[in-house]
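Both of the next two complexes hold chain A, though its partner changes from chain B to chain C.
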Partner chain A sequence: MSPVIIILCLISACLAFTMLFAKSPITSALCLLGVLIMTAGIYGMIGEHMIATIQLVVYAGAIMVLFIFSIMLLNLGESENEFKDKPGIFVLGIILGLSVFGLLAYAIVHYFNQPTIAKKMGQFTPELISQLGGNSKVLSHALFSQFYVSFEVISLALLVAVVGAVVLAKRKID
Partner chain B sequence: MENTLIFDLSMMMAKILVILAGTLGVVPIMVWFERRGAAWMQRRVGPNRVGPFGLLQPLADVVKFIFKETFIPKNANRFYYLMAPIIALIAPLCALAVIPFGSKAIINGHEVILQVAQMDTGVIFILAFAGLEVYPVILAGWASRNKYSVLGALRGSSQIVSYEISMGLALLSMLVVYGSFNPHEMVSWQQGTLGFLPRWGAFVNPVGALIFWIAIFAETNRLPFDLAEGESEIVAGYHLEYGGMKFAAFFMAEYVAMIMASGLLATLFFGGYGILPGMSTLIQAIGSHFAFGEVGFQNLKAAFEFISFATKVAFFMFMFVWIRWTLPRFRFDQLMDLGWKILFPISLINLVVVTLGVYYFNS
Partner chain C sequence: MTNEILIQLLAAFLFTTGFLVVLLRRDTIMILMGIELLLNAANLSIVTFSKASNMIEGQVQVFFIITIAAAESAIGLSILVNLYRNFGSIKTQKATTLKG
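Presenting the complex of A and B:
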């Protein structure tokens, strides 16, 4: 592993902890943004430029802007007192988080070097992908030919979600 | 093996240096030109005291900026207040890494591609960093704890987010035409002619080019869309509380974003580094006069490609200044109407039309 990746991992871990324990909501939001950008950096360092870019466009460039925009609009900085830790929920959250982390770590450690994984490799190898003209080309080709029905269905689901959000918000305003 | 590593590293550093020095070096010239150009368009004299034609005025400005007192408002959130101008400069500079400024030069028997980062996502990467340009506006406005700053930040961020949609759709219509994210492939697609015109994206898809051009004015917060600053309404908007070098960082960021946007516009719609019409005969003439070999020809071509690209970028920078001093500022509701009710539907229709056209011509 290259030292750059380790540095990125360390920074993103620090940011994640700051996000958890920060008092002001805007610090939390910005730390989350930092974590997302660092993750994009890690993706970029291992050569997965497509995922890194999508991470930046979708999460850092769109979703976090909404978060921070709404924090600014509602001026949550004033109500920092409501952001206090509630011990019961906090402990429960830590226990749940640790158990999920433990399960994931166990699964990765236990199954990572198992020969079954190697046998289940897909048809795409790095050589084949570069021969076909790069990750983005292969991905878009798969997305818009082989999986176009599921792609369209997902966009329909997003449309339903948007309509649902509008309906819910409208009822509140009326 | 060791030698190629050092060679690659030094080439990479050289390319980064070219981009960085070129961009940041153009900023003072642009500042001078903006003020002198404004004066010229308004039949004034403009700054003409420092140096010949006032050319040393930016230098004097920089000295003033550096020696100004560092002032941070008492109520400001210190950390975010100082962070905003840094992000403002980083985001457009990162995006510049993907814009190619020439095809390839041959140095020491190695091919050097004249682009800092070769990624297979190319143009989308630029879009990603253009999306990050919202944060300095939001952060600066929020951290200053000033009503005008917050107003400017809200205006600026909603404007950038709204126009990003039309910009993305215009970009998408060109991606459909080129069938690639790679800027080099885009440029090579635009070689050749379309009747008497060069086969540039702007002539293939004029509506998309126009929408993209309008959208980058909003993205870079330039007049007629500089609602985020709006001196006559909200003093200076999001960077109201900034002084000295911190203000200069925002100022530089605006020009870097303009250069980045001009480079992107040139690459997508105006042939990128593809040599300007008529230059190929010049290359032939110079090359045969000095009896260049194949390597020499390639390097000469790369130099002319760089000149063509710089010319195109300079033209669009001039347009930025020209339009700034020609059109009055929009009102905020007019801006949003233009973005959502006019540009957005037109860019959607344009995307459908272009897709059908590409389907028709390809089959």
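Presenting the complex of A and C:
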């Protein structure tokens, strides 16, 4: 177990916890930005360089800039303490969250080394990937050969989303 | 305990936190941020499983999920700007009528 991954996981978990309880939306947005950057670091540490770069550029770059920009545009200040007015719902939510995390953690720890997972191994071993010219090259080749229809459809969906966002956000001309 | 189990536990924790953010917070922008956190946790889990079983399909799927997340947040934030323009607030309690 690599110590860098442990540190990245701990920082990421702390930032996510802070995000849940922060009062102002800008604190939460910056904590989410930290979580996304730490996740990009984890991707890089396990050898997924392409996904780490995309995570940094698209998630931590574009999406978070959009969030912080709209927080500044709407001029959101600190909200009043949201957890005080309904303590019953808060306690219920914490119990629900703990039970969801407990079930997921039990499933991961208990079933991770079962032989059914170990049997279905793919062909892209680390040796083959380094022989083929690295992670980015293999992933890009798969993206533009095996999955090219999905790639084109995704680009069309992105175009429709951009046009829809502009139509929704523009002021009505009366 | 290997790296994979640790990262899967982190993904479970991030998923739970995003779930609680969506459930408990009242700001619409916080709910959108919680959805981003949920998607990020799912991405982390998919990439780690795909890497652990020597596959490449998971990384391609995560590439598509990140693209869809960008489109989703652009649409969601423009809906949010409209909500603020019509109701003067982005709290979920204030948005009580369908006609703006």
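Following the convention adopted for this analysis, the second predicted complex is superposed on the first by the 134 of 174 C-alpha atoms of A that agree within 3 Å, B and C clash if a C-alpha of one lies under 4 Å from a C-alpha of the other, contacts with A are read in each partner's own complex, and residues count from 1 in each chain.
The rule is short, and it goes like this: a contact is a pair of C-beta atoms (placed from the backbone, for glycine too) under 8 Å apart; a residue touches a chain by one contact, two chains touch by 3 or more.
Values in this document were obtained by computation on a predicted structure and should not be read as measured data.
Once chain A of one complex is fitted onto chain A of the other, the partner contacts of A:62 extend to both chain B and chain C. When the two structures are aligned on the shared chain, A:137 is found in touch with chain B, with no touch to chain C.
In the overlay built on the shared chain, the residue A:50 is in contact with chain B and with chain C.
Looking at the shared chain after the overlay, A:161 reaches chain C, while chain B stays out of its contact range. In the overlay built on the shared chain, the residue A:28 is in contact with chain C alone; chain B does not reach it.
When chain A is checked against chain B and against chain C, the one touching more of its residues turns out to be C. In the superposition on chain A, contact of A:36 is made with chain C only, not with chain B. Contact with both chain B and chain C is seen for A:73 once the two complexes are overlaid on the shared chain. Looking at the shared chain after the overlay, A:123 reaches chain C, while chain B stays out of its contact range. Residues common to the contacts of chain A with chain B and with chain C across the two structures: 50, 54, 62, 73. Contacts from chain B toward chain A in the complex involve residues 80, 119-121, 124-125, 127-132, 134-135, 138-139, 141-142, 150, 153-154, 157-158, 161, 180-182. Partner chain A is touched in their complex by these residues of chain C: 1-10, 12-21, 23-27, 29-30, 32-33, 36-37, 40, 43-44, 47-48, 51-57, 59-60, 62-64, 66-75, 77-82, 84, 90.
Chain A contributes residues 26, 30, 33, 49-50, 52-54, 56-57, 60-62, 65, 68-69, 72-73, 133-137 to its touches with chain B in the complex. Note for the complex: chain A touches chain C at residues 1-2, 5-6, 9, 12-13, 16-17, 19-20, 25, 28-29, 32, 35-36, 39, 42-43, 46-48, 50-51, 54-55, 58-59, 62-63, 66-67, 70-71, 73-74, 76, 79, 82-83, 89-90, 93-94, 96-98, 100-101, 104-105, 108-109, 112, 117, 120-126, 138-139, 142-143, 146-147, 150, 154, 157-158, 161-162, 164-166, 168-169.
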